[in-house]
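Right after this note come the structures.
Two complexes are shown next, each including chain A; its partner changes from chain B in the first to chain C in the second.
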Partner chain A sequence: MSVLLRRPLVHLLKTQFSSALSRSYHSYDHLPYNPYTPSQEKILSSALKYVPEFGFVKQSLVQGCRDVGYLDTTHAVFQAGLFDLVKFHLYRERTKLAALKPQIDEEEGKSIGKRVRRYCIERLKGNELIISKWTEALAIMALPSNVPLALEELAKLSDEIWFLVDDKTADFDWYTKRASLAAVYSSTELYMTQDNSPSFEKTWEFLDCRLADVHNVGSKVSSLASWATFTGFASINLLKSQLSRG
Partner chain B sequence: MAVKLPEKFPPLSPDARQFLSRLIRVDQAGELGADLIYAGQHRVFKRSRPSLAPLIRHMWDQEIHHHKTFDDLQNKHRIRPSLFSPVWKIAAYGLGMGTAIMGKEAAMACTLAVETVIGGHYNNQLRELVRILEEESRISRDGQASAELRALAKTVSEFRDDELEHLDTAVENDADKATPYVILTETIKTGCRAAVWIAERF
Partner chain C sequence: MAFLQGLPLRPYQLLRLGHVAYGRFSNARYLSASALLHKSNSESNQQTAASRTTHFGFRDVPEDEKEELVRDVFSSVAKSYDVMNDVMSFGIHRIWKDHFVAKLDPGRRPGGEPLSVLDVAGGTGDIAFRMLDWATEIHNDHQSKVLVVDINDDMLKEGHKRSLATRYADGSRIEFKVQNAEVLDAVPDNSQDLYTVAFGIRNFTNIPAALRAAHRVLKPGGVFACLEFSKVNVGILDMIYQQYSFSVIPLMGQLVAADRDSYQYLVESIARFPSQKEFARMIQDAGFEVSGDGYEDLTFGVAAIHTGVKV
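The block that comes next holds the complex of A and B.
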């Protein structure tokens, strides 16, 4: 019995946790790895067109299959069911961001903060059409079996934005940057579902506040680090001078 | 009508991608360590044995170049840096300073141990890289593997040669006269192997 219970957990940790940790090598000479086959992509993108009307429900998937000429039952090929529809939305909106790079580089200038903000806004605008149904997607993502992959998608989005703003972090800050942006993004995304202001003005305000918080904490951490380094060296020098006096 | 061949190579296999991301992660962490070992040794020798400082400085400069190269590769190919980079920093600087305080021979024994492990490690990576390159050249139009992977193999083999040169320098500078030589080198070698194992994965 315990073996039966343990196996799925081990399997879950092995496949999902390790895939989240082993982010892949990004190649320039090789075609990118596409997780979807052309027919899966066709069905899922036509299903997403029904989401504003029906929501993240089976009916959208069924309609999607029907629209591109498959049998209604074809939706069964998506093993994760509705989560596959949610994941496809996340994947599609994330991969769209790269095409905006030339435009954003030109319009937002060199400031990393401004460009990060702009990418967040562009990504959030991807949820605009389905915002009234987005809480359904959040509920699907919050199911325990879906959490690891949903978090992985969030991590990938955060990584994508830092990559697109040409961030060159090579140490532990790589993790703090990605984690803090992911926290900012996900809280703003949640805020947006409750926002009734015209063209989501309140959401962008909320985003600015969250980004400012992260910036403040970040500069406090780095001033703490330089204080610690200074104090460390000062105490070593003090010790040395005391020792040399004998 | 001539068939237009795709300009890019087909997607890398999951195994190849995992191999390449581990390669860059562990080598970045390794070069970070090497950089800081020599930084630690230089800090001590600058005062205690100024005659030795230029030799250490030369090796240190090479490691700085290696470290920078792998930092660039890590960013370019979007590899997650090692989760333990703060640990590697402290451990490497401590190892460098510690062995340098023990004396010239101990510092050279440390270089010998580290560079032996790293040289062998680079060789293992090269063997696998060459296998991937051969596979790619078979499917390529012009019989050549992708420029990206060829450049990576060249970098790894250059750096291996530099590390082996440091190994020779250590032997010429009485690394084997350190006491207790075997305990010191074997401890450092084991530590390096453990660090390689961890840095590849985490």
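The block that comes next holds the complex of A and C.
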């Protein structure tokens, strides 16, 4: 009974308190939280179609409103203005990744490294159409008032990728893995804006180098950690034996 | 200051009651309002629906009297309105208003229609002139119109007088009308692109009714935008702000405009106005859709801009 009741109740709550239901944890039982109403999604997705032509500017937003039958003034409802357009792009491309999981699991096999690489590539391909205007988006994200949310979105992307490769880390690695992937991703994204090679071959090469760096540093850090642990225990045992001898 | 809100009368109000000749509200109406209050306290069983009360600053007054009390405040400050705002906000209100207009970015765009804008409680035309200037200078739009409505004829007269000194003097792009924001009977349904209300909504007797009226007059896709004093969101700054608004502003009102009571009302009405989140909730309840939290804080939340769209 409770199972039957849960969904309509949650649905009701969601319409009543939509902003209060942005969960800070993942739930397999619920759809991921969507901060956009259907009309906002329609406006913003049609506005993104104009970005390759006009860029991340008010005109794209106004055209987006017009295309789905709203007024030119409707754009004023977006509190963060153009940053809302950028955020929507980030949100949409991030949430698209989950649908690729079955395909990537099959094609890339069990290797975590390969699958992480593939997700990065798939996400970067989401920027392909607007890559010539992406520096405008980066500039908007770099405004001091926008930095916290832009970083949050990057953290969410990194978390999403680790989640999708079924990483079950529960120790301090949880943080380092996310931080290093975020660093790799954002530097590759920046490289991609300057890449003129056919179908972004250079970008994928760049990505491979960055991932290899992390792997090397990571393995060095972990060997350092095992060395430190071993030496630590050995020293304590040595002290113990000295003390017990008197 | 929250602990003082529960008290029926604050010390200065006792003082005010003691000196019959003191201040603007020591007229017959004010005395009758407090007499009514007294009566309703002692003979609460006789209270009828007609004497439902609302707040006027920290006082509770019968709903049908608030409108007139508010009108009195603004009639008395109409001429010194700008001075008053400058005094209260150190001139920052000009920056807020400019930001408000820049954010709404009103104006006819290539391939679009000229806009019909309704500026509610916009008596002196402060926001209306700014929007027309923005449309004209940024969008080269010489057609969009603003209808300024206010419940107070004195404020509208002041606005009309000011408009004669601008390029909109012929009245083809700006119009002034006395209207109650809760009714807006001269504004047809689905007729406006943009509804603005700047530093006005907290004085309305029935805010939800005004929001519903806004929803009625806007076209689908039309935007409701409100600039209003709000709650400071940094604890220590809030303490400073409360001290400033309750001790300095009424004193300045007395010194600058020789009208302490009106200024006292203004700071009390600010303190009584709902927080950013509650107000965003009220906007949604009236049928508007908001984006994100639905508001933007200005100067740590001293003021906030709320927007909603009719879908």
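The rule is simple: the second predicted complex is superposed on the first by the 222 of 246 C-alpha atoms of A that agree within 3 Å, B and C clash if a C-alpha of one lies under 4 Å from a C-alpha of the other, contacts with A are read in each partner's own complex, and residues count from 1 in each chain.
Please note the rule applied: a contact is a pair of C-beta atoms (placed from the backbone, for glycine too) under 8 Å apart; a residue touches a chain by one contact, two chains touch by 3 or more.
Quick caveat: nothing in here was measured; it's all calculated off a predicted structure.
Once the two complexes are overlaid on the shared chain, A:C65 sits against chain C while remaining clear of chain B.
Once chain A of one complex is fitted onto chain A of the other, the partner contacts of A:K101 are absent, as it touches neither chain B nor chain C. In the superposition on chain A, A:R92 makes contact with neither chain B nor chain C. Judged by the touch definition given at the top, the superposed model places A:Y175 against chain B, while chain C stays out of reach. In the superposition on chain A, A:K202 makes contact with neither chain B nor chain C.
Residues of chain B touching chain A in their complex: 6, 8-12, 14, 16-18, 20-22, 24, 28, 71-72, 74-81, 83, 85-86, 89, 146-149, 201-202. Touching chain A in their complex are the following residues of chain C: 103-106, 108-109, 111-113, 115, 193-194, 219-223, 225, 289-296, 305, 307-309, 311.
Against chain B, the residues of chain A that register as touching in their complex are 21-34, 159, 163, 167-172, 174-175. On the chain A side of its complex with chain C, the touching residues are 19, 35, 37, 39-40, 58, 62, 65-66, 69-81, 84.
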